[in-house]
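Chain lettering (A, B, C, D, E and F) follows the sequence in which the chains are written, and residue indices restart at 1 in each chain.
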Amino acid sequence: MKQYSMKLVTIVTESILEHHLEDDLDKLGIHGYTIVDARGKGSEGMRDDFWSNQGNIRIEIVCDEKTSDTVTEFLYKHYYSDYAMMLYVSDVSVLRGKKF
Amino acid sequence: MAIDPVVLFFILGLTAGLMRAEMRLPSAIYEFLSVILLIAIGLKGGIELSKQPFVDLLPDIAAVLAMGFILPLLAFPILYYLGRFKKADAASIAGHYGSVSVGTYAVAASYLASLGIAYEAHMPLFLVVLEIPAIIVAIVLVRGISKQTKWGQLSHEIFLGKSIVLLIGGLAIGWIAGEESIKSISGMFFDPFKGVLALFLLEMGLIAASQVGALKRYGFFLLGFGIIFPIISSVVGIAAALFLELSIGGAVMLATLAASASYIAVPAAMRIALPESNPTLSLTASLGITFPFNIILGVPLYHQIATALY
Amino acid sequence: MAIDPVVLFFILGLTAGLMRAEMRLPSAIYEFLSVILLIAIGLKGGIELSKQPFVDLLPDIAAVLAMGFILPLLAFPILYYLGRFKKADAASIAGHYGSVSVGTYAVAASYLASLGIAYEAHMPLFLVVLEIPAIIVAIVLVRGISKQTKWGQLSHEIFLGKSIVLLIGGLAIGWIAGEESIKSISGMFFDPFKGVLALFLLEMGLIAASQVGALKRYGFFLLGFGIIFPIISSVVGIAAALFLELSIGGAVMLATLAASASYIAVPAAMRIALPESNPTLSLTASLGITFPFNIILGVPLYHQIATALY
Amino acid sequence: MAIDPVVLFFILGLTAGLMRAEMRLPSAIYEFLSVILLIAIGLKGGIELSKQPFVDLLPDIAAVLAMGFILPLLAFPILYYLGRFKKADAASIAGHYGSVSVGTYAVAASYLASLGIAYEAHMPLFLVVLEIPAIIVAIVLVRGISKQTKWGQLSHEIFLGKSIVLLIGGLAIGWIAGEESIKSISGMFFDPFKGVLALFLLEMGLIAASQVGALKRYGFFLLGFGIIFPIISSVVGIAAALFLELSIGGAVMLATLAASASYIAVPAAMRIALPESNPTLSLTASLGITFPFNIILGVPLYHQIATALY
Amino acid sequence: MKQYSMKLVTIVTESILEHHLEDDLDKLGIHGYTIVDARGKGSEGMRDDFWSNQGNIRIEIVCDEKTSDTVTEFLYKHYYSDYAMMLYVSDVSVLRGKKF
Amino acid sequence: MKQYSMKLVTIVTESILEHHLEDDLDKLGIHGYTIVDARGKGSEGMRDDFWSNQGNIRIEIVCDEKTSDTVTEFLYKHYYSDYAMMLYVSDVSVLRGKKF
């Protein structure tokens, strides 16, 4: 089956931002993503408390390179300085299916 | 006088947490317990509202609302000038201390109940009223009334937060259904109330203990503020109670409300509205210092102060 | 007459959900509450079964079983020819409406209890009996009795689903242990029952509200079907009750069972057995329209219809 | 005599699990239920302690402690020489059987209560005392008193595990607060106790059923050991009870404690202290064999043995 | 330490399929995988309700390239048209250990 | 925006090890990681029970190649033989931000 090269953007950030980021992704025209609850440690110390939005979420977005750049820059500009956030990009292949 | 067992549960949690025992309750259970507490408190207030005309309470509500605006304005200069915190941090902490903590409220209610001291039954209304003004004050202190703040979105998040909705929902249901009809659900909300509070405080003790690490980083000023400012606030609360001619029980409740600091609604609002403020700073103060102080020493102290001033 | 407070909790959830308040209960709590409800309903039925010979009930069970096959056959042509749904979708929706909702059952039981109206105590048996036939009808309508359907695997999933196992388990335990012995666990299952139902309905209100978005997409036919078909079903249920010579309370219960639509067991079964059917379509109808309708208006309405026909 | 309904709940869970029904409770609920059980058991013991001088109990505690060291030393040679298990596995299993299970304890308490047989109220103290010695024995059997074992870290994990902290915490709170004051929280811990135990056992039945697959792999020796060794232990427990001049109820409780095998504290400790031992081996025995045996047959059997020996 | 190149197949799909997919993987001879609960958005809209199997799961399989093709084609054929499902493949290195 | 190449180390192992591994990572000088709860199957059979620490966790560490080697070898040496553990490494790009 034919496979296409895409980018996988992974974001780890504060769980309190979930709905805000969903709105942002919508506005950026990104309609596919996957979220899991996460905890972790980074420059802002340990983040693992869910009772008060002090936990993390981990968001994955499979998209083309251009969208990957757009979302990366957007998040960098709007959230990096004030929020706990980590972001990395990798290469993946996806099947040609109804989704892409 | 015997110590209220719910306080002992808090001390158990605190001790276990400080000894780094591995025993946090699942967050689903924490939420479950807090939902029951919020609804139960709301229902009790609502049943009472169904017995007296609401308009009679409007002056009281206005006065308490005013207190909600005054308290953070009192806290801010102390934090900004004396504590030398950054403006956003000073405002955010002030917002936490101007608002209220439902857990602390419940402990005061339990304290008075075990002493057999009555208080005005519409107190839950004050709890609702005091949640919000301090948040507005904190934001305005930093941003002014600038258009940059998305007030629409923000007020949605504040007014439709879990605790407000459950408290007001409970009030409304208690009001509409009335005392007789609410009895059918007392097996869930009233009979196990103190036990629910006990478990809730066990978890709060564990949470409070986990803040102590951060405490060391932020030093003595925060520690002092977290103890002394609540005492000052309690006097403001008692003054308001005298002004409103509340009973002594009502004075203790209002003092406790004034002295308590938010650790749920306000942190969430600040994270969105003032993201440049440091969330661990205010949470450490409110959860790591003031909450334990109020639960263990504060409530009886406010009772003594109220007795002295009445 | 005062509104049952459990209904007020549902309305609170619905309202909060429609205003997009951030307050879903953790799914662990939702499950906890529904486990208590299912076991409690089963236990009550089982205690009753221990008092009367089971064989006496066989004719009633057969009649109710027949109703479980008839209802989806009644719904299917309406959806397929009038509603112009795809065959799989029409069959799947018919399957939802031919089956039952335990939450709706519990509200009807609470409604009758608050009016002091008795009903046949073996009603939980009918609840179990009605869960399954409609699923079979839905599959056969689309697939015929083809070998493609893995009936073995499917019947495992249907008969060993959580709600069936807990209901039947509760029935069996109540039957074996008997009334006296079950009293020792009433502090968990019976005393807080209405309060558990209240919290459960709060969450159901929030869930129902989240279906409203989808509702707009699927338009008016579904809205009409979700209200009118349950009323038709309720009349079928009352007819069956008359035929079985049940009390008026029993008629209201059977009408409610007939009118209620599944939102747990059937969606799960359809997803596996008829995956080409659109799951949001049937869930929107059953959860977003019929459940709220039944809780708020349906149950009292079926009571009126029953009174008129008795 | 009627079967205790809590045992029926266990059988329901076991049956549903063996039929591979899809119905595990969320782990948050499992934890919630076990927290309530642990605290309630602790509180009951603590209330009793507040009535009698603690020093009077010291000889009893010493004797029970000795039993905690003897039982694993009895199990080890059987497993190592007769069972031909690897040394680490034999020691780990011995550790599980030397320690105790709170769920089994609660079932024995419920069994005696339903028969109206009293037992020494400080029994929860023995429950605490018996949790730990077997862990130490297991480690020393494999490692000797070597420095390689991080005793500091390990004792932290053992002594500050959830069950020890909650039991001791409950004991302490019951002791300090006293009977009268604890009544205010009985709506959470005492009234629903048996219902909580019922739900807990439902889940334990499901868990036990999930161990059966592994059971087949490990064959008959483990099956035999998991049934016969508890019976031997129960006799040791009854002997200890005779020596301590406990009531017959106390003998049944101590026999059950001796016969029960840990499935929480010890597995966790072994995973860290003896990681080369196979965790499914000991868990299969303790959860898949001994727990069901004790709940369904063991407790009444120990009662009979005790009656015969008394 | 020597490292081997393998494929990582990541599947995001409906949680209701969990046990069915486990059986499938077993039959395909795949005996190693990791599952986490997830929520997300895609062509079938938002999927985040766990009370009624309306949530997602995220499955990861580390395997060789041939197995990766097999599992990908199998899932494509049996589930893609009727279920919410997303699938992508990337390159990873694993240690030679007892597991491979 | 400039992007840097890094390694992503993913570890799936027994949840009971969480705090021990956190201490280890600390000692190895690794101050950033993300953890999610997981279940799965491997050479040690199915692992999905959280009530008794019988579940898994999935740890992600973004780091440079040297650190990746260090942590990989450390875990291999201390845990691989006695615990259920799976580990793989892949390539990712990260933004230059406050975090790296």
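Odds and ends about this structure:
As a convention for this text, contacts are C-beta pairs under 8 Å (C-beta built on N, C-alpha and C of every residue); 3 or more make two chains touch, one makes a residue touch a chain.
From a predicted model like this one, the values you see are computed outputs, not experimental measurements.
The rotation relating chain A to chain F, fitted on Cα atoms, comes to 120°, given as a multiple of 5. Centroids of chain A and chain D (each the mean of its C-alpha atoms) stand 46 Å apart. The distance from the centre of chain B to the centre of chain F, with each centre set as the mean of the Cα atoms, comes to 40 Å. One simple way to say how far apart two chains are is to compare their mean CA positions; for chain D and chain F this gives 35 Å. Within chain A, residues 36-37, 90-91 each touch two or more of the remaining chains.
Annotation for chain B: residues 22, 26-29, 31-32, 191-192 touch two or more other chains. By the contact rule set out at the top, the touching chain pairs are A-B, A-E, A-F, B-C, B-D, C-D, C-E, D-F, E-F.
Of all the residues in chain F, the ones that touch chain A in their complex are 1, 3, 6, 8, 22, 31-37, 62, 90-95, 97-99. Chain contact summary for the complex, chain B toward chain D: residues 2-6, 8-9, 12, 16, 19-23, 25-29, 32, 110, 114, 191-196, 198-199, 202. Against chain D, in their complex, chain F makes its touches with residues 14, 16, 20, 45, 49-54, 82-83.
Against chain B, the residues of chain D that register as touching in their complex are 26-29, 31-32, 35-36, 39, 156-157, 160-162, 165-166, 169, 172-173, 176-178, 180-182, 184-189, 191-192. Residue ranges on chain F touching chain E, taken from their complex, read 10, 12, 36-43, 56, 58, 69, 72-73, 76, 80-81, 86-91.
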